[in-house]
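Input: a single structure, listed below in structure tokens.
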Amino acid sequence: QEKTDFRIAWSIYVGWMPWGYLEESGIMDKWAEKYGITVEIVQINDYVESINQYTAGAFDGVSATNMDTLSIPAGGGVDTTALIIGDYSDGNDAVILKGEGTLEDLAGKPVNLVELSVSHYLLARALDSVGLAERDLASVINTSDADMIAAYATPDVEAVVTWNPLVAEILEQPGATKLFDSSDIPGEIIDLLVVNTDTLEANPDFGKALVGAWYEVMGLMAANDEAALTAMAEASGTDLAGYKAQLASTAMFYEPGAAVNFAEDEALKETMVNVAEFLFDKGILGEGAPSADFVGVQYPHGATTGDANNVKFRFNTEYMLMAADGGL
Amino acid sequence: MALRWINRRPSRPLSVFLALIPFVLVITAYTLASDARRAVNPADKLLPAPAQIAATADRLLTEPDRRSGRILFWVDTAASLQRIAMGVVIAAALALGFGLLIGLAPTAQAALAPFVATLSLVPPLALLPILFIVFGLGEVSKVALIAIGITPFLIRDLAARTAELPREQIVKAQTLGASSFVVGLRVALPQIMPRLIGAVRLALGPAWLFLIASEAIASENGLGYRIFLVRRFLAMDVILVYVIWITLLAFLLDLLLRQLSRRLYPWAEAGL
Amino acid sequence: MSFVTVQNLFQSYGTRPILERINLTVEEGEFVSIVGASGCGKSTFLRLLLAQEQPSRGAISIDGAPPAQEPDRDRGVVFQRYSVFPHMTVRDNIIAATALNRPFGALWGAARLKARAEALEVLDRIGLAHVAGQYPASLSGGMQQRLAIAQALAAKPKILLLDEPFGALDPGTRLTMHDFLCELRDETNMTIFMVTHDLPEGFKLGDRVLVFDKPRWDPTDPEAYGATITYDFDARDGGIPYQRLVEETHVPLTL
Amino acid sequence: MALRWINRRPSRPLSVFLALIPFVLVITAYTLASDARRAVNPADKLLPAPAQIAATADRLLTEPDRRSGRILFWVDTAASLQRIAMGVVIAAALALGFGLLIGLAPTAQAALAPFVATLSLVPPLALLPILFIVFGLGEVSKVALIAIGITPFLIRDLAARTAELPREQIVKAQTLGASSFVVGLRVALPQIMPRLIGAVRLALGPAWLFLIASEAIASENGLGYRIFLVRRFLAMDVILVYVIWITLLAFLLDLLLRQLSRRLYPWAEAGL
Amino acid sequence: MSFVTVQNLFQSYGTRPILERINLTVEEGEFVSIVGASGCGKSTFLRLLLAQEQPSRGAISIDGAPPAQEPDRDRGVVFQRYSVFPHMTVRDNIIAATALNRPFGALWGAARLKARAEALEVLDRIGLAHVAGQYPASLSGGMQQRLAIAQALAAKPKILLLDEPFGALDPGTRLTMHDFLCELRDETNMTIFMVTHDLPEGFKLGDRVLVFDKPRWDPTDPEAYGATITYDFDARDGGIPYQRLVEETHVPLTL
């Protein structure tokens, strides 16, 4: 159904800081005005809550990873489109051991992480790479990201999997060893802006405004605009240097064309199949999902993986192409 | 002339019927809201249909977990009950000791009452990082959070009740030769035991809160853990089953304590 | 020397005097009734006898011992209410008179059996044997006070203090309790102080009736002076008072 | 013979001295622990030195935020106080209405008491996702969590107090011609007002818990939000300043309510 | 026809009978004292007169009106305690007798000023004018009961019910209250029912003294039967009782 007022939610993470800047700087309003709509950008502390709210219909779009999009909105029957591929994690997520050691040493140890999050996925991939599995660990202990640093400081904790800026903070502690990070599986942890497919179809202007505004800020970032970067740094609770360090482990798609190429790459299909299998294995791919193929994912040019009759997650490059062509 | 409504007493069957009304209303409202949402998106997760909640409950209560082979529902329940029981028992023991001391000994009252009053105002949730360092990240810290959360309240309540014991009884005990210790042990302690149970019943609400909060932060099992974990994929059917179960458990615990008090301290009831 | 000696006793709370210049000697075995207007300090005087409070001035000595600092087994007491322990059965309330004196407040082995047997004997004598296993709350007010008196006497105190012991009972029960108290007195020849609001009761039971009142009175500030013993009646001859005026009462203040 | 300790009363100055002891002990223990940790790791963040806490407090209380130009500490305080005040006022108003109704009218008691008793056992934290959907993510949901969290307790307490009003007074009012409504308005309401204040004082502890929990999930400011935010960086100096401040605020609120009760309802104190 | 008629009244709680076969007629202006053992049902009878409870059988009619279903302004009442409103000042307690009858329980404008003036007059007459602005808790027990009686009378009821109104007062205050009540009676010629534990009080104040007791008695089950009026004394001649036996008392049960 057509409408003119839209709300999207975002939470603090290095690759999503531009959303805060978009709202603050007025760039979003400018683009919304251009298309005769309004877009409210709301920051939410709790990442999972922001996706839940989107899934429940309180928002028209949300910043999320590919994995969480598949499990929560898509798995929950909300047809969702990845409108913008912002970046992929290239070291922002890491497996960290207290003391010296290698991945093999994780066997028999407890690992603290946010269960069922991308950290969990990273751990699974890391263990996989050395022929281990989760059952070889002593245990996986669900630990709130807010308390990860405090948890790491206790003697009980031997290894953690987490993301930036927590990774940077923990690695500063004496004796912390990074065993594995997302640069070892490049392109598998993807940060997106996803929107409701029906809303987007009924209101293409909504997509155009978002994409147009986003790539204006990408331009500023690519040009190393001090003011924009400093604002983002402060909003994420660090300083310019700290934020730049985090950006260094993030593969940002400053150019819409690069994001389109990434979406069209066959590797994306493989990643999504991996992710679906991981989610199915954890039993979180929707209620009564009979197999990992239960939810269908559609790629540019109509290719799908999973159940083609139950497509709930679509990678849509249309709008990013418009941005690349200067058509916005 | 119609009776004033303060004088109108419903009959026994009418009372039962009236008591059911609000429950039926809530369930109906939920069902309607759920139907409305599922008419839009049949896979809606937020307000699952009552039938689906029942199916989920059945699955949770009977199907063993694929990985561990155990039924997680009971594992969670056992873990949480153990934590809450330990936390409450520790808090009750501390409160009994300090409450008696503060209530009976003016010197202890002067030394401890202001401190306990201050402690009771500190928000324990905010001090979690320090708790982690002191008590580790395991069971101890969860039990400690519950105990720390409710002990100041229990101490204050029991101290007040001890101080309220009729002065006459304390004097009488002294004229029968009782030392301070014996007054505490034989006169005050047994008389505040029923009150301790009453105070624990009041404190169980906050105790559940602290349990859920601590399990949400670092845990491998427990009712609070599961609720916050499945929040990750908005499995409201699971959450609702757990919420209903927690409510039921809270009710049963309360009932148990009430019966216990009746059994153990018949003289306390008879006096009312 | 007399058994109880009260010498020039004063008591005030804060700056407010309650009792003034009280002198009294009581022989062993005397029954002293105390009457007076409400709030004049009768209970305060009893608390001083009990050593629950210390006087501002003066001293109380019992059987030649130095003044006590706190209540002890020399002083038995029965209040209007709350005198028995509600959490102990009737039998245990009697046993408590022995048990509370022990280090842990309890008796074991042979001592325990002996105390139980003795307690049952006492209950038999006071007519409460049939409710030995019940809690005081299920007893009538009269039975509770009977139990309280028996409990106090079971500790064999030197003096027994009663603060309106029958104040909450109805007239019939009151009369029964008078008989009960008289019997016990004949048996034990206890020295007793009893505060009462009921003058006939005071004269009926007491050997002496003390009246507490304010002998000095400042009309502009009724609380400026404390009360003292204004009359000391001899009530032995079957309750016919032999009046002996101790101090003039209600003398207007001469400034 | 030494006095029994239950009879030993400390003098006024000794009382003050005794009251200070536990506070001094805790501060000393903290300082020692902090020194020990910083001897090992000078950059230790977990137990900052008291001097550093003071410096942080100074900074938080005076330096404006660079982005907004406002002093965040006061912004947070104002936001949180507003939320807690609104939540408590709404809860109190609901509790007053339902408490009076349940306490006075046997029919309302039959219809609502079991439902309220059940509600009071439901853990509101577990229902957060539903609350956010129903009330949105703005101020409303935070206020609602506080109100939902404490209203059942308040209703039960006030209903019990209303039912405890001497039957004689209710009858007397009726013999003076009072309707049910007038009995509620002129006899019961004024007499449970002081009790309402008392119950609110008790409920403030849980209210803070709910405030902190809700601010942690969706907020842009507030004391709980800030604590949650800096917890990620283990900025214990900031957390401790906020914890001390929350404790102080809780104390001041409690004092305020107590004074209010004294002022407004002198007859209630005189009776004790 | 007589003013108050009680016809064959029965009351039981559950299966336990409390009152049986009570028949009574009272003329306008009579003062009826009611005495009887504790727990025999005196207060229950008063509650029935008050229409606070409905009888199991029989009916009470006042001034020819049909039996009332609940308390109303025809029936004034004073209990032993809790009869005044602690949250209203002394003056407001009197005003309440008028105000509570209004839709919002309050008076406005001229009605309010009038009620205030009248209340002060009443307080003046009962000697409480100097404490008009104080709360009842700061008054002595006697003053509180005086206030309670004045409050009940201010609503101009047809009958006044008193349940041990002086039971909690000390003997001196009690006597003052007797005078107070007699004065008020002479003024208003009110029909009064008063329950008391104190026989002399009952005879002193009452025109008639009713004694409640169990006429039938089953020794194996003392609660098998309820109480009724066993004596109805004429107490008008300065309190010298003219005895009229209504029913034989304590007749052993013939099975």
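The letters A, B, C, D and E name the chains in turn, as written, and every chain counts its residues from 1.
Keep in mind that, in the parts below, a residue touches a chain if its C-beta (ideal position, glycine included) is under 8 Å from a C-beta of that chain, and two chains touch if they have at least 3 such contacts.
Remember, it's a predicted structure, so these values are computed and weren't measured experimentally.
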Just tell me the minimum hop count from chain B to chain C, counting one hop per pair of touching chains. 1
Report back the single chain whose CA centre is most distant from the CA centre of chain E. A
Which interface, named by its two chains, has the most contact pairs? B-D
What whole-Å value do you get for the distance between chain D and chain E if each is reduced to the mean of its CA atoms? 47
Suppose each chain is reduced to the average of its Cα coordinates; what separation in Å results between chain A and chain C? 83
What's the distance between the Cα centroids of chain A and chain D, rounded to whole Å? 38
Residues of chain E touching 2+ other chains? 70
Could you list which residues of chain D touch at least two other chains? 4, 7, 46, 129, 133, 174, 179, 231, 234
Which positions in chain A are in touch with at least two other chains? 49, 52, 56, 146-147, 150, 153
Mind giving me all the chain pairs that touch? A-B, A-D, B-C, B-D, B-E, C-D, C-E, D-E
Quick check: in the complex, which residue numbers of chain E touch chain C? 37-38, 170-172, 197-198
Touching chain B in the complex: which residues of chain E? 69-70
The answer for chain E against chain D in the complex is residues 50, 52, 70-73, 75-77, 79, 81-83, 85-87, 96-97, 99-106, 135-138, 151-152, 155, 157
What part of chain A is in contact with chain B in the complex they form? 48-49, 51-52, 55-56, 71-72, 75-78, 112, 115-117, 135, 139-144, 146-147, 150-151, 153-157, 283-284, 286-287
In the complex, the residues of chain A that touch chain D are 9, 42-46, 49, 52-53, 56-58, 145-150, 153, 165-166, 169, 174, 231, 234-235, 237
